[in-house]
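Listed after this line are the structures, all set down as structure tokens.
The two complexes that follow have chain A in common; it is paired with chain B in the first and with chain C in the second.
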Partner chain A sequence: MGDGVKKLTLRGREAVNGYLFILPWVIGLLLFFIAPMIESIRFSFAEVSISDSGFSVSINGIDNARNFWENYRYFLLADASFLEKLRTTALDTAAAVIVITVFSLFVAALLHGKFKGRNVYRAVFFLPVIMTTGVMYLLIQQGMSGGELYTSTSIVDSGNAFTFKVTSLRDIMLQGGLNADFVEAVTKLVNQIFNYVSKAGVQILLFLSGLAKIPASHYEAAKIEGANGWESFWKITFPIISPVIFLNTIYTMLDSFITYGMENSGNVTMYAIQQMGFGKVMRFDYAAAMSWIYTLMIIVFVLLAYLAVGLPSSKVTEGR
Partner chain B sequence: MIKIKKRLWSAVIAVFRHSLLVGLSFVILYPMLFMLSNAFKPYAQARDPGVIWIPKSFTLYNISEVIGFMDYAGSLLNTLTYTVLPTLVQLGSCLLVGYGFARFRFPLKKPLFALVLLTVVVPPVSISTGLFQAFYHFNPFGVLGLLNRVTGGGVPNSVNLIGSHWVTFIPAAFAASLRSGIYILIFRQFFASMPRELEEAARIDGCGAFRTFRSVMLPNAQNIAITALMLAIVWNWNDYYTAASFIRAKYTIATSLSELQDFLRQVIGAGADDMTIATTRIQAGVLLGIAPLLAMYLAFQNRLAESIETAGLTGI
Partner chain C sequence: MTLSRSTGGTVTIILFLGLVGAFMALPVLYTVVTAFKPLHEIFYWPPRFFVREPSLENFTMLFEIAQEMWVPLERYIFNNIFVSVFGTALYVFVASMAAYPLAKYKSKTLDAVYWVVVLAIMFRPEVTRIPQYVIMNALGMVNTYAAMIVPVLSGSFGVFLMRQFMLGVPDSMIEAARIDGGSEYYIFFRLIMPMTRPAWLTLIIFTFTQFWNMSGAEYIYDEGMKSLSAVLSQIASAGIARAGAGAVVALLMMIPPYLVFVISQSSVMETMAHSGIK
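Up next is the complex of A and B:
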């Protein structure tokens, strides 16, 4: 018997130890992720009716006469409003990823290095992480936007929330003969500036951490070789921090996809799913189908980001 | 000549840098200033067009009134026991799991790690109905049901965890609560970037895998763990979703704040027009909700800055 234990190879012992370390997670995964996920997928292919005594689930095409894909068909083909919401969320997220990634790299570059007041600025720029999550932020936004505070639900739509209105900028651009769609897009972007700035805290942190890793000697060598600031950014900084760019792309993307929104602002898809499942209607089956369509879209986005940013960045890093 | 030019240039850069940073800082601090300005403003001045930022007089009335409305002490206690303490447990288990994925080779490692990524990608709303079921009829792997049959009903078939502390502590202990996947990823990156020599030395000294982890790797992970802990506390503190869905009747800061404005409307009994009067009290509530987080942030600010500079936050 004791022999069996002794015979466990080094490799085998390593595997056992590895499994022991991840064991808590495996249990948690099965109980609180896989099981609920299977349940939710089952709901999405069923008709769920809720009564006082609980709810009953009848699987489409087996327990009832509906098409197996009925819930999915409804949101993909019959009801255009959900697709419209998906489109809005996808476009908002794409814009957020681009703007926040560029912006946070820019700010990190400003904050990097030694200068007076650096610590104060750093403390300020990370502050949004504390300020701008959850209910508190919604309440601050609502307060600042004034009027539309009170509707029937407790967390309410704050419309455009806190925005710097830039109507004069829009007028100038329109008079300048610029394309109206373009002007609209730019105006929207500027109006959103606070939202972007306030969501960049973690990203700035990650970029700063990446920049701190670059040895000063690299830049000195480049200077001796006669490279200017622009060249050393693209030849030194960019390749080294490109994994962080990928990390930030993914982080921003998920942050945007997973935060709760309101009816007309923020993440409208999450709001619609939440309302369908836990609002007045309580359609678990529809909510489940909506959420799995949405999840698929998120996965496609993450894969695209991997192909567009992740793969090239890993090649750049290897090529160094 | 060249020296003067150089000096001039660096002065220009400094001015440029500071003006940009000051401008952006203002954008960031704006909501904070709004909150502070309103929280200490007598509410008669809320609609006074002559008062924009600095109130004509200051009052603690908003604060003291809202402390009563929100049951601040109770909400704070609930937030601490339902969200902050489980966060500590959650990070402990995530550290273990992150280390497991970083340092050991075992079969099925890649697909398992892909599952970590999946938990990060799937929005919580997708599994919330099933999760509610899992808590409402908690019967892990059918163990309770089996015990029920063996003991002939001596043990209940399943237990209802909704509203109890277990609902946040159990998932935390098994690295399955809010955003656990992200912490596992962060810690995995960190441990993977550590030199292997440290562990080899410990192993030669006869340390087992767990001892090595506890006495060699954990002390090195202090800064990154504190950074992650800060993020985790903030996210859990503000998490309306878990509190509203699973903790329910026990109000946390997030849920009691979200009900504050409905409550105020009833108390004041006002129509939508008059509700600007409530702004001062709502902002007082926000200030109360955020104050502990701000205190924590200020206390750990240095650690945070250090971990930016030293720890492998990004794993590169």
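Up next is the complex of A and C:
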């Protein structure tokens, strides 16, 4: 950033005005993020028991005789299955970030160009964004997988046989007389592609918004100077949208880390935490400790992303 | 990005996009088709993708179920629209305001706040759900519209998104406005917001979709205050006989976010057209 902005903002009143901009959001953050977060740290070092009157929290080593780190010790040392789940989730996420970011930039660049039917294509690529949330997500999940229900206390109970799960793509192909192994392989591949493609909707849209900001005159000038498409991508598009590339890397990473999974597929770590805290066991203390271990892992990932993408991109933006 | 304008290139692009697009459209197409299948066709064996005798049976069924409820369906629709529209407007405003100083001011405090933003988007709501409920209860927000709107306002992804886009607004333009005597509010509303239009139009889509599909079942007990999604998932989950109604529910829930998308995206493209003239 230029020095000029700095000098001007330091002029008292202007700076105060600036802080007023951020105030409404910060108040919300303190109440609904910082306060609950601190509370969950407290849970993770305590034994939380539920009674009729609510729940009681007894801090480890102070209010009871347990080791202060007991909850963490359990998941890091005693219970190997949780670490295994973390490993699976980490690998899945790394793959998703690379595939989805590259894929969505590619698609966005294509959709940004001028050709007939562009609007129709854009509309189609947005479909997954609606599909992958809320009620729709639930319905589509069952329709596509034809598998068991994903359980969540807040949405729909697993006891119910439900909607159109009877008709899945696989059944249609098997009925068509195709070889079972072939159908299995195709289904797996299709699921994987669908999984990635359907998660790229937001990223494509963000890239499109980033590309929309680049003035056409930049490309015209480059063309007159004799640059080809490849060169103008790396010299114009890439530097200008690099903050968006970073944004998308982070988005994809977090999206993959926070989506719900099932016991053996999808995000297994989230499923385990969900079950611990809100399933039949209702151990908030354990769930809090699991979440914090998981959060620390996510922080490490984001820091890596900063080192890989964030630093060069922030240099680019500050240079202008 | 300039791609080759040759016919061959265009055809390849359209083919590629068509293939990938088919992946995305398939489940939605399936939902639409299922909504028009009479019940016996939904459970037909071997299963068929397309409907043979389209009927409005499922729509009538959903309508009948809605009639039997003791709170009229319009009430739920109103709840959803109110929460979605009001919540989205408020969040986009709050997040953009917060993003401006984070993108364009230099201070140690703001740097720290930026790191809190990054930290906050890494955090999963699972852990904070119970303490959050306790706080909302203490503020008397349980069972009000505020229970569905206010917690979302503290979300950090919108702030992060808007900040990333505001970084692209040239400092020289802000300086020029300041030298001309423009106040910070003038700069924000007349310079920053118009220049980040594609970004906040996109944020509107995400936020609206989030609100629209929100169930809020944990915070709302009063039947008349419940959201459409909470009620519709109750209807859809009531067993095999409701399978057709479930598909109709899915179809109807899809339409409003889609409308918001179409309107705001055409607006984004309008912006692009203008930036091309310059």
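The criterion applied here is as follows: the second predicted complex is superposed on the first by the 226 of 320 C-alpha atoms of A that agree within 3 Å, B and C clash if a C-alpha of one lies under 4 Å from a C-alpha of the other, contacts with A are read in each partner's own complex, and residues count from 1 in each chain.
One rule holds for everything that comes next: a contact is a pair of C-beta atoms (placed from the backbone, for glycine too) under 8 Å apart; a residue touches a chain by one contact, two chains touch by 3 or more.
Everything numeric in this text was worked out from a predicted model, so none of it was measured.
Contact with chain C, but none with chain B, is seen for A:216 once the two complexes are overlaid on the shared chain.
Using the contact criterion defined above for the overlaid structures, shared-chain residue A:17 touches chain B and also reaches chain C.
Of the two partners chain B and chain C, more residues of chain A are touched by C.
Contacts of A:240 after superposition on the shared chain: both chain B and chain C are touched. On chain A, the patch touched by chain B and the patch touched by chain C overlap at residues 14-15, 17-19, 21-22, 24-26, 28-29, 31-33, 35-37, 39-40, 43, 107, 110-111, 115, 117, 119, 121-131, 133-137, 139-140, 143-144, 154-155, 162, 193-194, 197-198, 202, 205-206, 208-210, 212-213, 240, 243-244, 247, 254, 257-258, 270, 273-274, 277-278, 284, 287-288, 291-292, 294-295, 298-299, 302, 317. Of all residues in chain A, those touching chain C in their complex are 1-2, 4-6, 8-9, 14-15, 17-19, 21-22, 24-26, 28-29, 31-37, 39-40, 43, 55, 107, 109-113, 115, 117, 119, 121-131, 133-140, 143-144, 154-157, 160-164, 166-168, 171-172, 175, 193-194, 197-198, 201-202, 205-206, 208-213, 215-217, 219, 223, 229, 232-233, 237, 240, 243-244, 246-247, 250-251, 254, 257-258, 270, 273-274, 277-278, 284, 287-288, 291-292, 294-295, 298-299, 302, 317, 320. If you check the complex, the residues on chain C that touch chain A are 1-4, 10, 13-14, 16-17, 20-21, 23-25, 27-28, 30-31, 34, 42-43, 46-49, 94-95, 97-98, 100-102, 104-107, 110, 113, 116, 118-124, 126-132, 134-135, 139, 150-151, 153-154, 156-157, 159-161, 164-165, 167-168, 170-172, 174-175, 178, 183-185, 188, 198-199, 201-202, 205-206, 209-210, 212-215, 217-218, 229, 232-233, 236-240, 242-243, 246-247, 249-250, 253-254, 257-258, 261-262, 265-266, 268-269, 271-272, 275-276, 278. Interface residues of chain B, counted against chain A in their complex, comprise 14, 17-18, 20-21, 24-25, 27-32, 34-35, 38, 93, 96-97, 99-101, 103-107, 109, 112, 115-116, 119-131, 133-134, 140-141, 171, 173-177, 180, 184, 209-210, 213, 231, 234-235, 237-241, 245, 254-255, 257-262, 265, 272, 275-276, 278-279, 282-283, 285-286, 289-290, 293-294, 297, 301, 304-305, 307-311, 313-316. Those residues of chain A that touch chain B in the complex are listed here as 11, 14-22, 24-33, 35-40, 43, 107, 110-111, 115, 117, 119, 121-137, 139-144, 146-147, 149-150, 154-155, 162, 193-194, 197-198, 202, 205-206, 208-210, 212-213, 240-241, 243-244, 247, 254, 257-258, 260, 270, 273-274, 277-278, 284, 287-288, 291-292, 294-295, 298-299, 302, 317.
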